[in-house]
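The same subunit A turns up in both complexes below, where it pairs with subunit B and then with subunit C.
Moving on to the complex of A and B:
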């Protein structure tokens, strides 16, 4: 009797389980897996959305992309952004976390203040920084001229425009990673520091031999996420520079967007999207292995 | 002494973090002429208005061509609907993965998690084609339905649900409660903090949405706030104070919501970081 009841219970578990995951599963198939397979299918075709013409071209889109100067440049711009943002932003995030780690009455206020840019939306942040960077009336140049630095027009010079995007990107994201570092710092057992202090280790030595090694896992996580976010850079560029001046801030996603929705070349854009996907995949796997292997505790 | 340096350092960084936002809010409360006159060289009035006014706000709100309140309402509606659906659909799935034993559950879970590595940007083109084929372009359906799956949400809630003792659920089961009743009466009430965390992350993410509404919405009446803001800036490039007022309207509600719920939001980030 008892056996029979638990058997029928388990059987109804099975049905309930399937019903409960069904809505999410349908969404997963319809809005992730089918579009992904379709994107791959499109990427092998010359597919114009307006005319609806579609012809199989094999890997021609991929090989054409790799010789397309506009696409190659968009990769270069994206990597320039990534190579600067990853170390600088991670270092600042760690610095901020160390600053707000000691508990004082005012740390709560500062933690909130450092984090607020994270909740400012991309469009608002981009719009406001566009005005702040303005050569004649922007706040940045007012501050710079107050300390005697000549005026700069950050967004109209192709050589430095990406730096304007970088400053905004770090301003907006660093608080997010500060919070992750703070959680990592709080996970380090306090008695490690106490025994180090008893042994006469300086603050700097404690940082190098205790804090940094025990934050390796957190740092690995932060670097991987930052890299992925950097390679996907798009929203800030759309609002702040629209890819300009002179295409100097066009990123990979910006290129995909233009190819798909301005030139309506869906096949070519899908191929570019797949190159982006494989780039992200390979870089994260390489990072995961090279960063994980050093983690030992 | 060290403490004073520490405090000063943090104050300077806080100024860097907050100055653009303060400049935006104060700049929206003055006339355009006044803003420009005081912009060139640094003084207190570079930031603080000489004559305070709300005219920029009334101009922006009653602008027939760019009905900002409507954009705010559209965005609130979409973000709130998505948030409710995300919480419902993904908590059900997470509960099934955490507590119900059914065949293939581990494999299906891996399938879900594999979607975590696919960036949304990669699916922009095919999802646009799909929504186009379904005839959903220029409707809220296109904004809402594809956004209701949250693989991260399933991952996070599953971890949370696993902490709930199985004995409690099973004894309720033996007392004749259905799994749906257990989910409603035991699991959900026990998980309010996790649900708030996922809710606020989802809401803010949708409030912030830019690329997807830009692609699928052409009808200005249905547009969302972020796209409207970006468009407004490029159209009325010279009227800075109006631009700042529109930005302030789009920011202040979110800022208040964040300040009230920040504990949960920060908790969510921490969870994703430490477990990852």
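Moving on to the complex of A and C:
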């Protein structure tokens, strides 16, 4: 009897579990797995958007993409963005978190101020930065010329336009990662610092030997998320530069969008999306292994 | 913790419910409009709702369309028109995705050169019989009717002609002692004359840019519309007459000459600027601007102190080997999947026929296509409209007619950005553009 009862209890637990999982599972299948497998299917076809004409071409889309100068350039632009944004943004986020960690009278104000750009919509931020960056009438060049720096044209010089996107990208996202770092900092037990002080460690030593190692997990999380965000960059480009000047800020996602919806080559675009997917997958896995933290006090 | 999960669960359930409701609600709409038709019992329930998508224009254009819809609904109580103004930059994307998903509106505004790509995809309803029966085709110039056709059938109904010309700041010309360009369409300046004037007018110290030769560098269809005429003016073509290749046309010596001239404006003499502030022309920061007829109303409403005839004037587009301008504008078509093509046509016919087109032209100040409407608006026979009407009648030509037009348009946009912004070698840039277009043409033939 007792055995049977506990058995049935476990079974009903199982059923409850399934019911709890089901909504998320169905949503995932319908909105993630089915579209993904369809996209993979399309990526093997020469599939045009409006007409729906479709012919099987195997891996031809993939091999053509790797020889497509426009696609290869979009990869270069994306990685240039990522390689600069990941270290710089992470460092600034940590710096800001350290600044607002000690409780002062104005901590709340600064915490909010640093976080506000995260809440501002991409479209608004992009439009405002477009005005700020304007070569002749923008705020940026007005400030630069006041201190005697020559004008820079972040919107019309193809060689430096990506840097304009980078500045906007960091400004917009750094507050979010600052908050995550703040949570990480608050998780470090205070007694570690106290005993370090008793042993005569300087502030810098405390930072290098206590703060940094104990933030390694937080840092790993932030770097992985920043990498994924950076490689998927598109919204800021849409609003700020539309891929210009002279296609110098076209990112992979922007290329996919243009190919799919302007040129209507859905198959070709799906193949590009899959190349992007595998790139992110590989990079994330490598990062997860290399950033694995063994530190635990 | 438990409380939190209960709350979350409740939230998820409410969201799911809301999603389900909105979905079924959306599907019910067409079903309910169909049922009464089958029953034919109560005439009041027979209201047909037509969905109508167009790219959002300026206030005058949007206002005119609202007025036309109100008039039409008042005269046709059984038909409701549901308008959606879609931001210009996303418009093509929106209709392409919707057409692919079979949920596009009944009536969509279409930029004429993209029509062949939609027709070859089977997305548009054949309007030939409607147009022949109701639209009084002899009232529309032949060249424009021709550009509404693909493979001999009419798919679009035109309402107005877009038009561009050379706007110039009269006061700046006078201050520098430059003779003013003629307003006569047959006496257009050559590009050399324009360049000469631009060099004198260009004054970086005073913040004045000499010329904007082709509407800067934007996205969408704008670049192809403004820049293709420069190729034509220098004697070049984009595609071969049969539309099978760009090789030998877009990379011809004439085309390269046009591109080198365009490049020199930005990179050589630097009379053009890669970057301009918003509304540079009416604010006195730009001396010569190749701009569209639609700017007339915009300047009048937003810059009332900048007066046509006193502060600025309009001259025909510059020429080189010949005069040329692109025709075509936004037109209306019915989607092949529309359940109410008859009613949709009734509405399109109201908008584009004499009565509606006259209201539209009067409210927006654009140039109507119909002779009958031109006759009824006296302003069309006076300056500045004489410049636009004259160019349309004598020198306008359609952009390349091909189902691969989206690729052609993108290739031209990138080509001019390549040489203008990127200062790239013209030969290499033209060769790239030809390759892009020919690849697209080839993939269509399969």
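Assume the second predicted complex is superposed on the first by the 266 of 297 C-alpha atoms of A that agree within 3 Å, B and C clash if a C-alpha of one lies under 4 Å from a C-alpha of the other, contacts with A are read in each partner's own complex, and residues count from 1 in each chain.
As a working rule, contacts are C-beta pairs under 8 Å (C-beta built on N, C-alpha and C of every residue); 3 or more make two chains touch, one makes a residue touch a chain.
Small disclaimer: the values here were computed from a predicted structure and weren't measured.
Chemist: Looking at A:221 after the superposition, I want to know if it touches subunit B, subunit C, both of them or none. Which is it: first, second, both, neither?
Modeler: first
Chemist: Which chain, subunit B or subunit C, ends up touching more residues of subunit A in the combined arrangement?
Modeler: Of subunit B and subunit C, B contacts more residues of subunit A.
Chemist: I'd like to know which partner A:244 touches here: subunit B for first, subunit C for second, both or neither.
Modeler: A:244: touches subunit C, not subunit B.
Chemist: Considering only touches as defined above, state whether A:162 meets subunit B (first), subunit C (second), both or neither.
Modeler: neither
Chemist: Once the structures are superposed on A, label A:153 by its partner contacts, choosing first (subunit B), second (subunit C), both or neither.
Modeler: In the superposition, A:153 contacts subunit C only.
Chemist: Between subunit B (first) and subunit C (second), which, if any, makes contact with A:31: first, second, both or neither?
Modeler: The answer is first: A:31 touches subunit B but not subunit C.
Chemist: Applying the touch criterion given at the start, work out whether A:137 contacts subunit B, subunit C, both or neither, answering first, second, both or neither.
Modeler: In the superposition, A:137 contacts both subunit B and subunit C.
Chemist: Between subunit B and subunit C, whom does A:23 touch in the aligned arrangement: first, second, both, or neither?
Modeler: both
Chemist: May I ask you to decide whether A:284 touches subunit B, subunit C, both, or neither, giving the answer as first, second, both or neither?
Modeler: After superposition on chain A, A:284 lies in contact with subunit B alone.
Chemist: With both complexes overlaid on chain A, does A:100 touch subunit B (first), subunit C (second), both or neither?
Modeler: In the superposition, A:100 contacts subunit B only.
Chemist: Once the two structures are fitted together, what part of subunit A is touched by subunit B and by subunit C alike?
Modeler: Residues common to the subunit A contacts of subunit C and of subunit B are 23, 49, 136-137, 242, 257, 261, 266, listed in rising order.
Chemist: For a test of understanding, state which residues of subunit C touch subunit A in their complex under the given definition.
Modeler: Subunit C reaches subunit A through residues 12, 16, 89, 92-93, 96-97, 99-100, 117-118, 120-123, 207, 217-219, 273-275, 277, 285, 406-407, 410, 414, 417-418, 420-422, 424, 432, 440, 443, 446.
Chemist: Can you list the residues on subunit A that touch subunit B in the complex?
Modeler: 9-10, 12-18, 20-21, 23-25, 27-28, 30-36, 38-39, 42, 49, 96, 99-100, 102, 106, 109-110, 112-117, 119-132, 136-139, 142-143, 145-146, 171, 175-176, 179-180, 182-184, 187, 218, 221-222, 228, 232, 234-235, 238-239, 242, 253, 256-257, 260-261, 266, 269-270, 273-274, 276-277, 280-281, 284
Chemist: Can you list the subunit A residues touching subunit C in their complex?
Modeler: The contact residues of subunit A facing subunit C are 23, 46, 48-53, 55, 69, 134-137, 153, 155-158, 242-248, 257-258, 261-264, 266.
Chemist: For the complex, give me every residue of subunit B touching subunit A.
Modeler: Contact set of subunit B toward subunit A: 6-7, 9-10, 13-14, 16-21, 23-24, 35-36, 39-42, 46, 89-90, 92-93, 95-97, 100-103, 105, 108, 111-112, 115, 117-119, 121-130, 145-146, 148-149, 151, 154, 173, 178-180, 183, 204, 207-208, 210-211, 214-215, 225-227, 229-230, 233-234, 240, 243-244, 247, 250-251, 254-255, 258-259, 262, 265-266, 269-270, 272-274, 276.
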